[in-house]
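Report on the following structure.
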Amino acid sequence: MSHNSFGHLFRVTTWGESHGPALGCVVDGCPPGLPLTPQDIQAWLDRRRPGQGRFVSQRQEPDAVRIASGVFEDARTGGPVTTGAPISLIIDNVDQRPRDYAAISTAFRPGHADWTYFAKYGVRDYRGGGRSSARETAARVAAGAIARKVLGPGVSVRGALIQIGAHRIDRARWDWDQTAENPFWSPDSAMVDVWADHLEAIRKAGSSTGAVVEVEASGVPAGWGAPVYGKLDAELAGALMSINAAKGVEIGAGFAAAALTGEESSDEMRAGNAGPVFLTNNAGGILGGVSTGAPIVVRCAFKPTSSILNPRRTINEAGEDIEMRTTGRHDPCVGIRAVPVVEAMVACVLADAFLRHRGQTGGGAFAPGSGERA
Amino acid sequence: MSHNSFGHLFRVTTWGESHGPALGCVVDGCPPGLPLTPQDIQAWLDRRRPGQGRFVSQRQEPDAVRIASGVFEDARTGGPVTTGAPISLIIDNVDQRPRDYAAISTAFRPGHADWTYFAKYGVRDYRGGGRSSARETAARVAAGAIARKVLGPGVSVRGALIQIGAHRIDRARWDWDQTAENPFWSPDSAMVDVWADHLEAIRKAGSSTGAVVEVEASGVPAGWGAPVYGKLDAELAGALMSINAAKGVEIGAGFAAAALTGEESSDEMRAGNAGPVFLTNNAGGILGGVSTGAPIVVRCAFKPTSSILNPRRTINEAGEDIEMRTTGRHDPCVGIRAVPVVEAMVACVLADAFLRHRGQTGGGAFAPGSGERA
Amino acid sequence: MSHNSFGHLFRVTTWGESHGPALGCVVDGCPPGLPLTPQDIQAWLDRRRPGQGRFVSQRQEPDAVRIASGVFEDARTGGPVTTGAPISLIIDNVDQRPRDYAAISTAFRPGHADWTYFAKYGVRDYRGGGRSSARETAARVAAGAIARKVLGPGVSVRGALIQIGAHRIDRARWDWDQTAENPFWSPDSAMVDVWADHLEAIRKAGSSTGAVVEVEASGVPAGWGAPVYGKLDAELAGALMSINAAKGVEIGAGFAAAALTGEESSDEMRAGNAGPVFLTNNAGGILGGVSTGAPIVVRCAFKPTSSILNPRRTINEAGEDIEMRTTGRHDPCVGIRAVPVVEAMVACVLADAFLRHRGQTGGGAFAPGSGERA
Amino acid sequence: MSHNSFGHLFRVTTWGESHGPALGCVVDGCPPGLPLTPQDIQAWLDRRRPGQGRFVSQRQEPDAVRIASGVFEDARTGGPVTTGAPISLIIDNVDQRPRDYAAISTAFRPGHADWTYFAKYGVRDYRGGGRSSARETAARVAAGAIARKVLGPGVSVRGALIQIGAHRIDRARWDWDQTAENPFWSPDSAMVDVWADHLEAIRKAGSSTGAVVEVEASGVPAGWGAPVYGKLDAELAGALMSINAAKGVEIGAGFAAAALTGEESSDEMRAGNAGPVFLTNNAGGILGGVSTGAPIVVRCAFKPTSSILNPRRTINEAGEDIEMRTTGRHDPCVGIRAVPVVEAMVACVLADAFLRHRGQTGGGAFAPGSGERA
């Protein structure tokens, strides 16, 4: 309900601006007894961190996370575990350069939230976009690390970049192991040089480029999600579209499903040991808003960042026509660092769906043949 | 927050199964004093109604709506107006044929929610899909009619079908007036015969086909929506993806944005009389999750219905491999009747955004030049 | 979260006015597989029904409930069970007498919501108070019947009237069995004649009187409820104070706790077979917002109805000073029929707490000695 | 919905344990443009602060608050104002003494949440009660300071202590000015010495005592609140009962209303300049869940703290019968410091009601005589 929160039983609230003292989140409703250290979270934050290569923002932020509440030593192991109380995570901003932003204090950068925040609120923290900055996504990734703990090792959520600009990977060459071997999370090793060349050209041109991220969650049992407005795909779509620069979301076959016939689209089933085995997965692991047991597959399209060096026509707070170019430190392709963010959002939505399913039904899925919950 | 509700201040809860006695919705939080008659709602329901042509389901449902609460005679006009109390709308089902569905009572139709409902709940109303039936969307359209009253005549929400199967309209021929002149809501008159032929072939083949719907909301002032998880685009994405058979959602340029450069993507502005005039609208009327003042443009992809006459491999509740074909009355292209449904969902999301914006800020948008709310 | 809904996982939305065509509720999030017939609900509604004696309203309403969605035949038993889909309950109004209310159409009865609804909405259904009528509580009782199914036979929720006017029961004579033996739900048989005489005098005087209801829920395991704003006592307090005419809520010792010392107030514990045995229950079964395992005890004070025959000073919509007396059919003591309503609200809150506890933790309580969930 | 949040449009989420590094809150949905400095908040925190006299805990906590997000310099005034983004407030804990609590690490103090947290979660931060500590209320008071900004100077929320132990004030001597002149917030100067003697005796006896707090909100216009489950009194009751040690909540006449007749209870009206003038206020400023325009009056009963020096019977985690006494630093009467906490909760509920009313209706109240919104 509130503006800066999402989730129902596993609920995440984030706060903080790009150039304020800190940012953070409060994760409420987490199950108790889960081992959780700052290092568990840091590992995921480090994947999203800026300043790690020439294709991402040069802002130097360690993104060191502190756990300010909600964990305590377990009597049995002595190690820290979640207590069921709200978990407050705080990440200090250390590389703010507010003076970079004086030029935009009274002007509206095209393609940014400058104008809309002004129109809505009449006041805005213009430094790096303030609340609208992609820096907020660090809090999402931190929350996602806790969500992964809730999901446990049986559920794997992993992402890849499948398109930069007009250059799409060849799905026939998909290799998940490759995503860890290149700075783009590309599952197609043949695409790495193509993208590197494209990004280099974009960067030199002072321009930017869009991208598409794909995330797969495997190990999700059948039964998560809830018709009809709490559909798992609806929750995923809302969560992903809330990420900065997102312009489209697909589940399974997505927009391509429009051109299919019913025979091509509907996934046939054969009996398996624990429920049906799907011969295809155009549904992306979700039917009627509820998980099928097959991998959940989502895609999210990101527009190119609007922070570009080339001059653009716009207006200012006084209502005058002006031209402006955006200096400062920016990612030429925000889609790259969005990979861990999309993963995190998927993990959070799934953790929430898991808890809600357990709440309403007791958990587990009915197995064909027995009519009993597995 | 609950499973069968959406919206925050303008909140819609729906109920009912395809072959139960009735379906309906409760619209809570509606502003008082809005004139509202059953006819106001009926007009929109009639656009979605089945049994109206050879390209939609032959089920004969008048979809006559009753208003069971929340309106009362206005002391000044004598006509019925909303009172601020919850509005209960009830639509009786009159053309149920439960016997059509005996064959699927213990089997899972591929591409349907049969399996997932069973897995989640262990029991399911299999008649026509029960709760997962597209019949539920009548309640959405009814709620949308009230949402339009909340938005008032200044906001126009209208939809079109832009693709059936592989056949896309030519946007250069877009004419909104055409959408009322053909059974497909096509804005491109040249596409009508193509689609008719395609659908005739699909129908004869006992198959089905997908589609893409586009909806535009014009007249939405700048300032609606709320960062960061209550983003207007996030709310729209969640709402649209909750529609039966939806597999993808786009805002503005959508997935095409991935292939653009920052120069191509970001919409330039020039000073206008009441805020900026956008020279393009790749943003689809939303930046940073808040409306820009430009028309809001969304697209939603629908898969072909999985109810097809051709035999398909699947399993049953006993866990056995079987083949089944789906008889009964079905739309060969559910995307067609989805047009008024997408419109309704957009209207509901906007009405809610309007009320929330007014709640937090008092309403209106800050105008450049004056620094005051318009 | 919305105005006419309560609960989180077990969520109830009600609608309807006193003299509209019908009233009802939608119960969403109910676990699947629970046997449920209209008779199961009717039994509880009949306890609240008007027209059943000289001490309650003479309005003749059968309060016959229909289940319009959310149940279906169970494959194993053939009987109707909940499906997990929203359960829509509808109760027709049959004994409306709108003409009784012409006199109040432009005047504000003292002590009623007439003025506040007008002030808020500018329009109001004045017939019998419209939405503010106690008739709405029929929907609560219907929902409570479903909540009892969720709680199962292990949890017993029962209520009693412990005070009418200044006449309080003697707790030393408390006998639950007596509550079914008199028209007041009195657990103290010696109070029955006292109350009957008091009510007869009140009725003849054209006046009304207040009352206090006490409800006990036994069998609630330790662990339900959630700190700190979702405390079980906070949820109960909100739920009870939402009942028409409620003016106070207590848990356990309640206001009397203010006069106690820490020694007197805090309940000592001894080891039992399944957790602690409490030697007293001043806590009313809740500590830190979470159930202790002891019976949950709540009390709710109801003011006398403001519908009295004696003339009272007030104003009308024109802003003029007037006098008015309230005719029509009214309960001289609304607290009597409030007993099943308070029970129902307690049952709904507990059902929700149960599901939320199961969602976050998996359910059950840790047992001392084993450190494992029971 | 989440456990550690309350409010709808004005939404507060708190986090932190008694002996963790810090505690804090996130206030989301605050209107933009409100001047806000740490000093604005500190002033209210200082009223609740421990270590300020012999009748409250000796723990020395400066309760210095930092604003970590959500404010920015106003372009016109240069001073900090709210931006509409979430406001994160952080208060460091500086006087933790975790070693004080070793004795209770495996035992359940009677009357505390020790047992229930263990039963629910299986793990608990036993240091000072962890999340269940009254230290959490600092975050409520901080949020309340922002709520007061939202309400503006026209609404005054002020509290008093009206009972300690069995000693109640004489309402005939009520003088609001006196509440600032004694350490008990007593409006009755004659009660100060009585309470001081009582507390001194209680303290020497190693015991504790309960209390009753009354809060009045004046200046609230008619029309705030929302039937029927979002009633203003229901929201207040839930909010107040969520405060540590609260056992009862009353609105207006409260439990005393049970002994009144309809003539005594219902407040008569006369025409005033801006709506009705109420001749009495047994309703406590709320009818039908909506504010009447008269002052809102609530009372909240607090039990004596269960932290007492005298030995008490209880059990431990091993399930053994033991005796324990609670050392450490405690308030002999937690009700005293609860006064600013109850005020804060009332302010937060009212701020939320204001924004929701404005959202649904546009704001203001209909005035008798004109039929137009004031």
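Per-chain residue numbering starts at 1, and chain names A, B, C and D are given in the order in which the chains are listed.
Simple rule for what comes next: a residue touches a chain if its C-beta (ideal position, glycine included) is under 8 Å from a C-beta of that chain, and two chains touch if they have at least 3 such contacts.
What you see is a predicted model; the values in this text were computed from it and never measured.
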(request) Return the chains common to the contact lists of chain A and chain D. (result) B, C
(message) Quick check on the contact network: minimum steps from chain B to chain D?
(response) 1
(request) Would you mind pulling out the distance in Å between where the CA atoms of chain A average out and where those of chain C do? (result) 44
(request) Please compute the C-alpha centroid of chain B, do the same for chain C, then give the distance between them in whole Å. (result) 38
(message) I'd like to verify one number: the distance from the centre of chain C to the centre of chain D, where each centre is the average of its C-alpha atoms, in whole angstrom.
(response) 26
(request) Please list all residues of chain D that touch 2 or more other chains. (result) 1-5, 8-9, 14, 29, 32, 75, 84-85, 117, 120-122, 131, 227, 317, 361, 371
(message) Give the list of chain B residues in touch with chain A in this complex.
(response) 1-6, 8, 14, 108, 110-113, 115-122, 129, 131-132, 136, 163-166, 202, 205, 207-212, 222-231, 233-242, 246-255, 257-271, 275-276, 279, 282-284, 286-293, 301-308, 310, 312-321, 335, 357, 361, 365-371, 373
(request) Could you please specify the touching residues of chain A with respect to chain C in the complex? (result) 1, 8-9, 29-32, 75-76, 84-85, 227, 355-356, 358-363, 371
(message) Going by the contact rule set out above, which residues of chain D touch chain A in the complex?
(response) 1-5, 7-9, 11, 13-17, 20-24, 26, 28-29, 32-33, 66, 68-70, 72, 74-75, 81, 83-88, 90, 105-106, 117, 120-125, 130-131, 317
